[in-house]
Amino acid sequence: MHNNYPSVRTYFLVFGALLLLLIATVGAHFVALGPFQPVVSLGIALLKALLIILFFMHVKASSGLVKLFAAAGFLWLLIFFLLTFGDFATRYWVPTLNQ
Amino acid sequence: MIHLPGLNQASTAAGQVDLLFLVLLGISSFFVLLVSGLLIYFGVKYRHGSSADRSNPPATNNFLEIGWTVALLVIGLPVFVWAASMYFHDEVPPNNVLVINVLGKQWMWEVVHDNGRREINEIHLPVNYPVKLHMISQDVIHSLWIPDFRVKQDVLPGRYTTLWFEATETGEFPLRCAEYCGTQHSGMTGTVFVMEQADYQAWLENAAQGTSLAAQGEQLFSRLGCAACHKLNEQEDGRGPLLLGLYGRTVLLEDGTTITADADYIRRSIVDPQAQIVAGYEPIMPTFANQVDEQDLLALISYIQSLANEDGANQGK
Amino acid sequence: MSEMASEPLGREERTPVSSSPRRPKNYLNTSYTARSWLLTTDHKRIGILYMIAITFFFAVGGIAATTMRLELLTPYGDLVGAETYNKLFTIHGIIMVWFFLIPSIPTTLGNFLIPLMIGAEDLAFPRLNLASWYVFMVGGFVTMAAVIFGGVDTGWTFYTPYSSVYSNTAVALVIVGIVISGFSSIFTGINFIVTIHKMRAPGMTWFRMPLFVWSHYATSLILVLATPVLALVLVLVGIERVFGVGIFDPSLGGDPLLFQHLFWFYSHPAVYIMILPGMGVTSEIVAAFARRRVFGYTFVAFASLAIAILGFLVWGHHMFVSGQSIYAGMVFSVLSFLVAIPSAVKVFNWTATMYKGDIHFDTPMLYALGFIGLFTVGGLTGLFVASLSFDVHVHDSYFVVAHFHYIMVGSTVLAYLGGIHYWWPKISGRLYSAWWGRFSAILIFAGFNLTFFPQFIVGYLGMPRRYYAYAPEFQVYNVLSSAGASILALGYVLPLVYLLYSLQNGRLAPDNPWEATGLEWQTSSPPPTENFLEPPIVTHDAYERPSATISSSTGGQP
Amino acid sequence: MTQTTTQPATPAWPTEDEKLAREREVNALGMWVFLASEIMLFGGLFLVYFVYRFRYPAAFAEGSSELNMWLGALNTAVLLTSSLTMALAVHQARGSSRKTAVLFMLLTMALGLLFLAIKGYEYWQDYQEGLVPGLNFTYSGAEQQAVALFLVLYFVMTALHALHLSIGIVMVGVAIVWGQIRPFAHDPAEPVEMIGLYWHFIDIVWVFLFPVLYLLR
């Protein structure tokens, strides 16, 4: 598990990418993207998170089990988001059954 | 319809719910008897020391496992579909419905009829006529439950919830608060009086104290100075949106979204006007949250609904 | 943060045990000092520490329950006032859910047995295990302090805006207590998941593990993934109370339904935390006392996982009448029907295990049969309340109270007692009186049904939950229920008496008193501190009965 | 599910280095299971935030514009750098020189403290501007209630994050001191690796917090 840890060079490369993405996300704030604004900002944040997980946290070099556990947390969160938003989005829909 | 002792079926929904109960009871009894019967049978037959044939006991049987899983689905899902369709039907009131406002507050129910008649912990309503209870709470979450009608609906603070039914028997039926709401939660009970149509009208008329709800709303409308900004005819253009014919219409808001002008919209526009600015108007309306209580809001909303009626452009209350 | 760093695994080398006439050295008699108990990292001793703690909390919750049942003998509030009654049912709820049911089987039997069953010396993080006990005790004391400083009257569900704005009781303090004890669940969950993955003996593949371990693996998934959301929502309620800001308070722009979503996202999986370990215990007991392999092992194992995963999708069935959207209600209803399937599969498999078995009706088997019967009733009434239009009628009524008590008390407590009686020889090295065991099992089964079956009826007839004064026509059912409660209370006291009695003068237990399979029965009773004297090797399936121990009955196993 | 061959190996206790390898895997797995529970904790908070943003879009945008975006951006950069130094610390602790590992860990602690300082300054600034609901809230613009709700969520989320960061800083400090006192523990890099995982997780939480709270239009 420890022989294929990323080299120091990789760390600095990843760090550089993270800073660039930071600049990108701040830049995107000034561009009037309208409805795409949250999509872009969350997309960049997701990308940064993936970079950190895969390289800084060595998940890329870890066993399948660690990858599974890393993904499990986010998967459960997705369940939570989807079903809760299912309620909030459809709360005021009134079926036109009887009219 | 099969009648369960101690609980009469006094609404259109009651018979269906009781039938669903009996079907579920039947299915459950079958499985309970099946499982306990097998447990007892195997227990006796294969008890230690008995000379039953115990050769090559099966370790597993995929056919059996898949079989009873599919069987459970085949039995379960139709029950879900039936129960869901009943629920779907019970949640949406028909058009021609008598609306009664119910105000839940810590530990009593205050009922306000459209003609202004008020009652505490009692609801008088006609038989064989769909009735919609338009409910809101003044403090915590309550829940209006009328066991004999098999209906229940939480009463939320800050938002109107509705509960509709059609009583099929005259008489007195208990109503109870089902959601825990504090010290006297168990004291928050009352009675529903279901009366013949004629008796109901007579009851409504003879004891009507003072003005109807809409009229009370009109007095409030002028007293609070709403008329200063909200004009009542198309000619004058006031600083506030025109309220004539507003109820039931879809309104375009400042941020581009549209919303139907129902009771909730009007209530929120009075209590928290900044939350929904109508397109083309300034956010200058102050909040009236501390000048009106829930009853005044009911009166104002009833008044605004009546404005729509004169205009004739209203799709149902 | 708890130290995760490893501590060197230096153990004195294993010397064969000298055959002194006195009991050989085991985890109990290695040392009797308080320090050896309070600072132990031995999973077996921590299991016993938990057992003592939750027995105390079970007593507190039980006293609250009996007082409520006495009050409900009459339709009017004459024994205790409304204030006190509301505090009683809140204490009963909080203590029983978080300080007895959730820790009951995982932290006592789970802690004690999982390393033994998979052939490990201890759990993956022994010191984290001790930390989980201390966190549990601190949470328990803070909660008991809140109870003593005037109690809480919000119900264990803490619905806002009552809990955050209108209740003037020690809500913030009890929230601190519950959140602290939440860490205990997370630590136990972490320990079990990593131990089951990484510390199995050679040859112990996933499908050679006992079903007890499978059910605890599924339970740990829920413990780890659901508990944080409870801590979050209770902290938000605490913040709202202390700073008067409106996260869930509608008058300040919040939404009480969002509280219900967050609360039930934890609290429904929490009921699966309570039942899954009970299923694991039942699988072990039925297999042992029917002297047979569990029927459909893989289906029962995957059913545990299915329950854990589907259990996260169904919380909305608590909110059918709460003003939740109709469509969400329908989605949650169909998912609730699906989550019932794995439970039913398990019940059928236990029943099929009895087929062609060699059934011994010892005390644990009576508890397991009681579990299967009552869990079938509890589970099926779950389908009643999952049907939308029926739940509209019975939501927040005694029908629902009866349903969840059939699962929590009828199933989980019976399984807990069954497990205690099944592994008591292994835990204490002593045998208890078989007659008293059977008698108390039957007494509890009878008392339980008399207590909770009338509640189904009175709930359907219209008696709401949490009423201390009710309509006079419901009195007959409540009197029956209170009568049953007194029998049940007696039934629960009996095991405490004869089990403690057996500690001193029970007969010494052999290593495998019930001729059961499983690694825990291959080591001594009570086991040595390092669990196994020679390294355990697993060569056959979980419940394969080695032909060497053909039971004396005529029809032996092949 | 790596599993030894099913035919029974000769029964023997695991050797020392077998135990060491398993030890490292066990710790990493344990930390990841703990991080899964932390994901659910912060995830629940993000859900509360998104539900209310879905309901009050204009007010949340208004509230977000009250915050000082540049301090947020600076803090993100600080935390990303601290992630780099933490990763290098783990690298050095695994590799040859423990001295540089301690140096990088000290650097990580410093960056963590810098983040907390900037955050503290930002809180103080918000307090001065009367943006703290419950304590000093003098915001009088449109949709006062919903803006107050945004700010409550802002403070709860960032305070919870800051609390976790402070715990992280303390743990790094403990690891340094522990490394000096008992340097010959059989696997000195193990605690550093674990704290590294935790530290990177806290950084990831901030990576999501920054755009969600500050860059809202």
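As written, the chains take the letters A, B, C and D, and residue 1 is the first residue of each chain.
Here is the rule we use: a residue touches a chain if its C-beta (ideal position, glycine included) is under 8 Å from a C-beta of that chain, and two chains touch if they have at least 3 such contacts.
All values reported here derive from a predicted model rather than from experimental measurement.
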What is the set of chains touching both chain A and chain B? C, D
Counting C-beta pairs in contact, does A-C beat A-D or the other way around? A-D
Chain centres from averaged Cα atoms put chain B and chain C apart, in whole Å, by 37
Take the average of all CA coordinates in chain A, do the same for chain D, and state the distance between these two points in whole angstrom. 15
Per the C-alpha means, the centres of chain B and chain D lie apart by a whole-Å value of 45
Counting only residues that touch at least two other chains, what does the list for chain B look like? 88, 91, 272
Show the residues in chain A shared as contacts by 2 or more other chains, in ascending order. 65, 72-73, 76, 80, 84, 88-89, 95
I need the residues of chain D touching at least two other chains; which ones are they? 25, 29, 33, 36-38, 40, 44, 47, 51, 55-56, 145-146
Between the chains shown, work out who touches whom and classify the graph as line, ring, star, complete or other. complete
Quick check on the complex: what are the chain B residues that touch chain D? 254-255, 272, 274-275, 277, 283
Can you list the residues on chain B that touch chain C in the complex? 4, 6-7, 13, 16-17, 20-21, 24, 27-28, 31-32, 35-36, 38-39, 42-43, 46-49, 51-61, 64-65, 68-69, 72-73, 76-77, 79-80, 82-84, 86-88, 90-91, 106, 139-141, 143, 145, 147-148, 150-154, 156-159, 161, 174, 176-187, 189, 272, 289
Which stretch or stretches of chain C touch chain A in the complex? 197, 225, 229, 257-258, 261, 265, 312-313, 315-316, 319, 323-328, 331-332
Using the touch rule from the top, collect the residues of chain D that touch chain B in their complex. 56-59, 142-146
So in the complex, the part of chain D that touches chain A is made up of which residues? 21, 24-25, 28-29, 32-33, 35-40, 43-44, 47, 50-51, 54-55, 69, 73, 76-77, 80-81, 83-84, 86-88, 91, 94, 196-197, 200-201, 203-204, 207-208, 210-212, 215-217
